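Here's the structure we're looking at; comments come further down.
Here the chain labels run A, B, C and D in written order, and each chain numbers its own residues starting at 1.
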Amino acid sequence: MTDVLLRLSGVEFAYDSARPVLTDVTVDVETGRRLAVLGPNGGGKTTLFRLAVGALAPQAGHVEVAGKPVRRTRAGLLALRQRVQLVLQDPDDQLFSASVRQDVSFGPLNLGLSDTQVRQRCDEALTALGINALAERPPHLLSYGQRKRVAIAGAVALRPQLLILDEPTAGLDPAGVEALLHTLDDMQTTGTTVMMSTHDVNLAFRWADTVVVVSGGGARTMPVAEALADAALLAGAQLAPAWAPLVHRLLDRLPGLDGARPRSATELAALLDAMGGAG
Amino acid sequence: MTDVLLRLSGVEFAYDSARPVLTDVTVDVETGRRLAVLGPNGGGKTTLFRLAVGALAPQAGHVEVAGKPVRRTRAGLLALRQRVQLVLQDPDDQLFSASVRQDVSFGPLNLGLSDTQVRQRCDEALTALGINALAERPPHLLSYGQRKRVAIAGAVALRPQLLILDEPTAGLDPAGVEALLHTLDDMQTTGTTVMMSTHDVNLAFRWADTVVVVSGGGARTMPVAEALADAALLAGAQLAPAWAPLVHRLLDRLPGLDGARPRSATELAALLDAMGGAG
Amino acid sequence: MHIAEGYLPPVQAAAWFAVSAPFVVHGSRALVRQVRRDPESKLLLGAAGAFTFALSALKIPSVTGSCSHPTGTGLGAALFRPPVMSVLGGIVLLFQAVLLAHGGLTTLGANIFSMAIVGPWVAYAVFVLVRRLGGSLEVGIFLAAGLGNLATYCVTSVQLALAFPDPATGLLGAVAKFGGIFAVTQIPLAISEGLLSVLVIRLLARI
Amino acid sequence: MTAHNGRWRLRHPGEKAFLAFGLLACAVALPTWPGAVLSGGTAAALLLGPARVSAVVLLRAARVPVLFVTTSAVPLLVAVQPSGGVSWNPNGAGEALTATGRALAALLCLLLFSATTPLSDVIPRLRRLGVPAAVTEVAGVTYRMIFLLVDSLRTVREAQAARLGYRSWRTAYRSLAGQAAAVFVRAFARARRLEEGLALRGYAGSLAVQVEPRRVSPGFVAATLALLAAVVVASLRLRGPS
């Protein structure tokens, strides 16, 4: 396949050889997909991401980007990092400059771009995240949600083809989650492939088209509907079932509603209201 | 009423007088209740908690604990802390010691208890949180979920009548959330009243009996079913609707199922499985 | 520039403890006084100690190919003053010895003298002098951090020379030997530490 | 650290200090041959034997200090002439071997202590040695925060590397300064938040904690004494009457 952006095949990794985290992981990320990575804490989601961006080297197996194996040389990593960017869970681990604009310009400056180009990249990233108004503020005085956006802008300024987000919705309130998903949708339409980890199966169902379940040292990739209908798979990864697929089964039993497929509680509420009085 | 453990009445608070956080908040916490506090980020949930434990002084209105107004003197605060304990969202903000047991002993020692009593309080708290096995470990070798438990144990060791938890499930995976809810249930049965903030309306529906919605400077307290059925209230507080009450409305339309009241997706899955093949 | 565990003969190891002790005791008294005035400052002082430790975990690329790290004492002394730095530095050196086997317990006295006493005092003196002479904050920090680092390195060289005098030329020859071998890494490192401290202060000034 | 799950974890830190520092004193004070060899060997045997510390862990812990010790030995091999020239030191090899041997033996004794004794057992007990409470409490906070800060340092570095922060010398310096500044800001923000968090638990100036009582085992102490005596006697005997 030519459109596999990132491929991990047969990857093994252990921080401590007595307790391997990943024992045999094969994941293909195709261009344009929306991937949700699910799995228990400590199950290896973050490790998988760190392998994908070259922060860790696999102890067996290999990582390919756009069909070429990643060489862990200076040049190899440079090429990888221009294609794949990871945004960590805690924004404070990524922000270290005195102003938002300075922080976002860090990556483009490191690329050795001209002043004009750096400015352009910055503006573009700030606009994509909707934080133009914060450009001159010091990051540590912003709210948590705003800091998360600044951290994402820092990655986006490198114009990655694949943007990986570790628990991007953790700590955000529902309105913040909505706004973030909206932003990610926009980025997806402009050609960025997005992959994120989450604990929220309901969110995964709503947002993703493909799910990677990481648990017990392995990873399984499958279409979201299939993954979330697989009770054994979910239980094995210590995940609760999602509401939406269950609600769809329930709707199938109601005459006249068997085509309805609400993906969120808000959509279900609208559907119920449209149906009128409690039958 | 004699069983009001904590009462905030007409409380106003602003960190910055130009932008008041709470303008008129009245909340009664009755003994034995399970209160979920919902509301947008920056809406004042944490401020409310900090007022309740005397970490902040209200700029108007007053705070009463067990019928007596809180005095912010050394003695007044010490008395308050034995009744009401707040566990912050980030466990690293409350853990300072090199071993779990030493850390948990800090609160009881501040009460001036004897060595034997301190030891007993520690054992009790470690057992309540199920972390006896971690007693001799240093916090930096624990997982995030384990550190959260240690932080809660540190509060529980003061034997509070009211335990307030700020976003206790943030960052936990579904299995971790289940385990925590289980622990809180146990504490509730031994007489501790529990109040927590959360962004997860589904969790609130499942766990709480009473909901406090904090937004726009005010707070409204009401039974959970009523709050989560109030679309205008939820929208006003930037909250998404919960699945369960909507599913209940759906179930009411299905003959023979109008009594079923699943509170979680897991319960709904069990119900659907019991119903057999897709009708 | 830690002297490794067991590297000094016993009498000299003991002597360096004796030399360092008055400074550490004086620093402890200063710390106890500060904490009594302001009990909350315990947490700030703990943070300062941890920051000093963390600075020494910064890996600076060095010309010799290997990585080296700053002493952090110059910046620390300018921020927290030398007497308190002698205690915090002592705590940090103790943790480095026990947690990382970096330095040692028998050589703790010698290491405290070079890194937690001479380094900070030189840095502080340079800083005050530069400021009195009308130098800018940045020049002051650069020279303080750089010279503080160099002073530490010179003291360590002398300590090693005293322990292992040169067979032909005695102490002076030994100072030249030890100084020479460490100069390769230490002089660029002192400059690096100076530059880095300026960049840090610049960032912090804007925050 | 293995100290927290090792076999000797629950022993009184004083016992372990007596044993390890006794051997350390022997390693440094006795003639290197055979004193240091015997003390170092004993420490190694105790670590791998009764204390059950794995060889892999020991090797990992010793790697950096060993590198440092060997580098420091190089100057001993040469002599500087008054003219400024450098020549081989005829006794240099012996001197370097002695210094390196003593340092390696001492390193093993230090590891015997640090690999078996959690610092949480040690820091609060330093009060009994006359260290002021303010100092032990500051040391305790330092210990806790070290791990938080070193962790953030690593993460900040990784995040910077992902954004090409270590592409050249210039970018590396900018990144390092960013790391230091980020950690500085974090350290003091942490301290402030910790102060608030602890106030909720009744903090009023004392960071005292309850230290688990550990019984000193007379058997262990007696065995230590016998062992140290044996090392001293064996060293003097082996060296022969001089």
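Basically, a contact is a pair of C-beta atoms (placed from the backbone, for glycine too) under 8 Å apart; a residue touches a chain by one contact, two chains touch by 3 or more.
Only a predicted model underlies this, so the values are computations on that prediction, with no experimental measurement involved.
**Student:** From chain B, what is the lowest number of touch steps before chain D is reached?
**Tutor:** Counted as steps through touching chains, the separation is 1.
**Student:** Once every inter-chain C-beta contact is counted, which two chains account for the most?
**Tutor:** More C-beta pairs are in contact between C-D than between any other chains.
**Student:** Quick one: chain A and chain C, Cα centre-to-centre, how many Å?
**Tutor:** 44
**Student:** Quick check: how many Å separate the C-alpha centres of chain B and chain C?
**Tutor:** Here the centre of chain C sits 47 Å away from the centre of chain B.
**Student:** Using CA atom averages as chain centres, what separation in Å is found between chain C and chain D?
**Tutor:** Taking the average C-alpha coordinate of chain C and of chain D, the gap between them is 18 Å.
**Student:** Between chain A and chain B, what's the gap in Å when you average each chain's C-alpha atoms?
**Tutor:** That gives a centre separation of 29 Å.
**Student:** I need the residues of chain C touching at least two other chains; which ones are they?
**Tutor:** 43, 203, 207
**Student:** Multi-chain contacts in chain B: which residues touch at least two other chains?
**Tutor:** As it turns out, chain B has residues touching two or more other chains at 96.
**Student:** So which bits of chain D are touching at least two other chains?
**Tutor:** Within chain D, residues 1, 119, 140-141, 143-144, 148, 174, 178-179, 181, 185, 190, 194, 198, 204, 206-207 contact more than one other chain.
**Student:** Spell out the part of chain C that touches chain D in their complex, as residue ranges.
**Tutor:** Within the complex, chain C contacts chain D at residues 2-7, 9-10, 13, 28, 31-32, 35-36, 39-40, 42-51, 53-55, 57-58, 60-61, 87-88, 91-92, 94-95, 97-102, 104-106, 160, 164, 166-169, 173-174, 176-178, 180-181, 192, 195-196, 199-200, 202-204, 207.
**Student:** What part of chain A is in contact with chain D in the complex they form?
**Tutor:** Going through chain A, the ones touching chain D are 50, 53, 55, 74, 78, 81-82, 85-86, 88, 90, 92-97, 106-107, 109-112, 140, 154-155, 158.
**Student:** Considering the complex alone, what residue numbers of chain D touch chain C?
**Tutor:** Interface residues on chain D, with respect to chain C: 1, 21, 24-25, 27-29, 36, 61-62, 64-65, 68-69, 71-72, 74-76, 78-82, 87, 89-92, 95, 99, 102-107, 109-111, 113-114, 119, 131-132, 134-135, 137-146, 148-150, 153, 169, 172-174, 176-181, 183-185, 187-188, 190-192, 194-195, 198, 204-207.
**Student:** Any idea which chain A residues touch chain B in the complex?
**Tutor:** Chain A residues touching chain B: 39-42, 143-145, 167, 170-176, 199, 201-202, 231, 238-243, 246-247, 249-254, 264-266, 268-269, 272, 278-279.
**Student:** With touch defined as at the start, can you tell me which chain D residues reach chain B in the complex?
**Tutor:** The contact residues of chain D facing chain B are 1, 4, 9-10, 118-121, 123-124, 140-141, 143-144, 147-148, 151, 190, 193-194, 196-204, 206-212.
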